[in-house]
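Multiple structures follow.
Two complexes come next, and they have one chain in common, chain A, joined by chain B in the first and chain C in the second.
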Partner chain A sequence: MTPLTQQTLMVGALLFTFGLVGFLSRRNLILIFLSVELMLAGVATNFIAFGSHYGIASGQLFAILILTVASCEAAIALAMVVALYRRKSTLDVELWSDLRETAPEKSKPTAKSESSKHAEYPVLTPAGIDPLTTKVPVTLPDVPAPKA
Partner chain B sequence: MIPITIAQITERDITIAPWHIAVLALGVIGLLLIRASFGQTKPTPMTTVGGFVALTAAFVINVISIPWGIEQSLLVTFGWLAVVASIAFVSFRTPVYAALSFTAIVLDVCGIYILNTSPFLAASTMIVYAGATIIIFLFVLMFAQRSHLQAYDLTISLPRFSLLAGLALFSGLLYSISELNLSEPKPLTEQKVEALGKLMFTDYLWSVEIAGVLLLIAAIAAILIAQDHEPDRLLEAEVTKTTHTQWDGAKS
Partner chain C sequence: MSPELTNSFLTVLPAVVIFGIACIYLLVGMFQDNSSPAGIRSVSGWGIVSTFLLTTLWIGTVWFSLQPSGLVTKLFQSDSVALHGTHLTLLAGVLISAFSITHTPRRFAYEFHACLLILLAGSIFLAAAADLTTLYLSIEMVSLPTTLLLSISRRDNSGREATLKYFALSAFASAVFLMGASYLYGLSGTTSLSGIATALATNDTTLAKVAMALVLAGLAFRVTAVPFHFYAPDVFTGSSLPVAAMIATVPKIAGFLAIIRILGGAQLHTGFVESAGLILLVLALVTMTSGNFMALAQTKWRRLLAYSSVAHSGYLLIGVAAALYRGGETTYVLSYLSAYTVMTLGVFAALATLTANGDSDPSLADLEGLYQRAPMLCIALSVCLLSLIGVPLTAGFWAKFGIFQDAIRTARTELVVGAVIMAINAAVGAMYYLSLLLRIYRVPHTNSAPVSTPKFSPSFALTVVCAAITVLWFLLPNWM
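Moving on, here comes the complex of A and B:
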């Protein structure tokens, strides 16, 4: 293996690693998506390294396909970020942790206080569970008692 | 203890260059230092100095352990600039700076693409990533960013887990790269862009078509998702208001 290929693979591995670390540790929605883009760039670097090593153009072609998918992902992700920002006026990802697949009683107290603050939002049924067959413990937001 | 271990490794004929260990040490120390003050994004001065020393040591070991030449020096320059920029990307607290350091990463990676005989891909990556994608990200950041740093930019979620996951992934990748046995390299016989175009419109025609359709679907989906539903809500409020006033008038 030539030093060129080896060093290029090493750079790709480092980019993927830093993308993973950024994805796991960042709390800003936009920077999480940028970390995913960084991981995709690392994978494209690997394709380039192997394609250049064997003298075939398939590596470049797959890198172009990765580029296309990354553009699609960026467009849809940013549209979703804009839509989410209109709802809560923040980019904090932890406020949307009630969209995950776990049971509602495991949700953090910040999310609960947030949902009680905005009482007009509906409480969603957790994804992945059949609502007709499974009894879902639904935590409704605190509704103030009607004054007599 | 350590010399014995290295001797055993060389006896087993595992190809681990010194700079592998150096870069692994860089990964360990750098990630530790970036996430040193757990839960906070801001590192202490001691960790900053330590990270700088670790980076410099790994850089020196990398430079002296590879054969020297114009291609090698360019490769080392671009690679280390990419590494430094990605450390900056992970550790910057201001999101705009992080996005700009991502641009720096993309430009360095494009330099590596040119060295790896892919000039067309370098140009298109520069245009698509550094030109278009980052600008859109910056637009959204400016749309959503407040003037001062928010709490979610100053704190980290899962600091220990992300550190351990990054270290485990990188040591695995490093081991597999050092164990890799590729056959002899072959140069490109045709012109580079010509070979790519031939491949794109003969063997991989379906993939290219599917990618185009995917782009179209993504554009439509992005328009639909980002639509403002606020006017509907306003209209509803208007309707309820008028009905209420009508009802009040009828009652009186």
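Moving on, here comes the complex of A and C:
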């Protein structure tokens, strides 16, 4: 096994581990799915390393298949993130834990307190006329009569 | 087309046909207007058409392929596992699509049935897979449509939550499976499953064990084995009844087919005993024990059925472990799977008959005194429940007996102990199934009937059919 293969395998294992830890520890929906993508990237790196080690193309082929399926998963994941965000206007997964064993209720963050924090999100500088403060002219300004 | 490709397609002909039909559904469905009254009437038409098509296909494959053709290509192979897996999937498909005739979501009628057909095709592809690539793609062909089904069949907050839990964990599980698969590829230098089996037979390094553990962990999610089972009760609660019935059966069939394929196919490779045998056995014991004890504590039908399905996965894993130790065939596992499919679908269909809305979650007390209100349905439901216990005169008896016998025959101490623990577990399982039976025959204390008296419906007919199959199966055990 060449040093290059070893190093590539190491990178693959590291990417996978980072993804694994991220998946288990993150609370943000998008970051959770990004962690899964990271895990899949680690796996693809592994396949490519082994493929080049044996000098056969099946590893590379498998990596392409993984990327294809990962993009399908990403499509579903993003659609689901949009659907979930519309319900509770937060990306926090802790809020989606109503289905569980009937156990003593523990206090959990409410959707309200989360959504009031949206000042933290970056805000685009408004451009153009604000339709709410500027009155839309009801009558058209008089057009000066063309000079004869 | 090259002969290799033609042969590959011939080995999985039913799946190719089903996939083609699903594509036609998607094309035709685009021009259907489900909001108009005529469109709403045609909603149940999709279910009727796919039930009919799947029944034809099922009878066709049973009729024409009594013996596996033995055809082996690089992608697919036709052996006894492929044959049984195809029959099993088609049987489950017929029952589930008959079930969903009355429970198809109106807005997504054709997507619903197209997804159902695609995941059945995926399961058949999986049964015949001969390569890691086809195995992985078939697993995804089962899991991605399952997510879509969960999402479109129920649109309230519980449905969303169930979709989220299922999808996040399934993506995680397939990543873990793939990591193991990449090491298997690295150890053997080939993606062909037979090549991997021969390479690992002479290799018991730590890496081989780690790779096998990762692969089995990824697949354990599909079969709801215990450390990976916790999504099951939540997903069963947060989905519509036909989809819950589907998740209880098809992904489990697919998961077991994948485990069997990875471990060597029709004749399990004893080379894997070192790396996989003990993992499977421990997984099986933990799964059945915790599944049964959690089921004892439940008060709702859906959660109880979820834990009972976890326990059944444990029994099935014992069967896989026994077949692995003997290097033998997995016929018992596959026939247990088909018996389990029929009886579980029967129970779910009975629940669907009793609840007008596919989203409701009846508690155990709601079905008290069912016998007074619906004797026929009650008897059919009892047959399915007795079959889940595994009493004689039902299919469940032969299923449990086969696995038990297989485990004893290995004459290995650990598996004999496993078989004994399985017997104890079956007794624990009998406790909660019997308490269910007592409840449905007991005269209720109050006169209020929370569950309406059922009229005749497709799901009622389905319960009776499932009960009939379970009894017939006992009389003709060699039928499957």
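Throughout what follows, the second predicted complex is superposed on the first by the 98 of 148 C-alpha atoms of A that agree within 3 Å, B and C clash if a C-alpha of one lies under 4 Å from a C-alpha of the other, contacts with A are read in each partner's own complex, and residues count from 1 in each chain.
Please note the rule applied: a residue touches a chain if its C-beta (ideal position, glycine included) is under 8 Å from a C-beta of that chain, and two chains touch if they have at least 3 such contacts.
Treat the numbers as computed from the prediction; the structure is a model and nothing was measured.
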item	value
Touching partner for A:Ser25 - first (chain B), second (chain C), both, neither	first
Partner chain(s) touched by A:Met39 [first = chain B, second = chain C, both, neither]	second
Contacts of A:Leu67 with chain B and chain C, given as first, second, both or neither	first
Partner chain in contact with A:Asp98 - chain B first, chain C second, else both or neither	second
First, second, both or neither for A:Leu78, with chain B first and chain C second	first
Partner chain in contact with A:Arg87 - chain B first, chain C second, else both or neither	second
Chain B and chain C contact sites that coincide on chain A, given as residue numbers	9, 16, 19, 33, 49, 53-54, 56, 58-59, 61, 65, 69, 72-73, 76, 80, 83, 93
Parts of chain A lying in touch with chain B, wherever the complex brings them together	1-11, 13-22, 24-28, 30-31, 33-34, 37-38, 41, 44-45, 48-49, 51-61, 63-65, 67-76, 78-83, 85-86, 90-94
List of chain A residues in touch with chain C within their complex	9, 12, 16, 19, 23, 29, 32-33, 36, 39-40, 42-43, 46-47, 49-50, 53-54, 56, 58-59, 61-62, 65-66, 69, 72-73, 76-77, 80, 83-84, 87, 93, 96-102
Residues of chain B that touch chain A when the two form their complex	23, 27, 31, 35, 66-67, 71-72, 75-76, 78-79, 82-83, 86-87, 89-90, 95, 98-99, 102, 105-106, 109, 112-113, 115-118, 120-121, 124-125, 128-129, 132-133, 136-137, 140-141, 143-144, 150-153, 155-159, 161-163, 165-166, 169-170, 173-174, 177, 180-182, 185-189, 192, 195-196, 198-200, 204, 207-208, 211, 214-215, 217-219, 221-223, 225-226, 228, 230
Contact footprint of chain A on chain C as seen in their complex	132-133, 136-137, 140, 144, 147-148, 151, 157-158, 160-165, 167-168, 171-172, 175-176, 178-179, 181-183, 185-186, 189-191, 233-234, 237-238, 299, 303
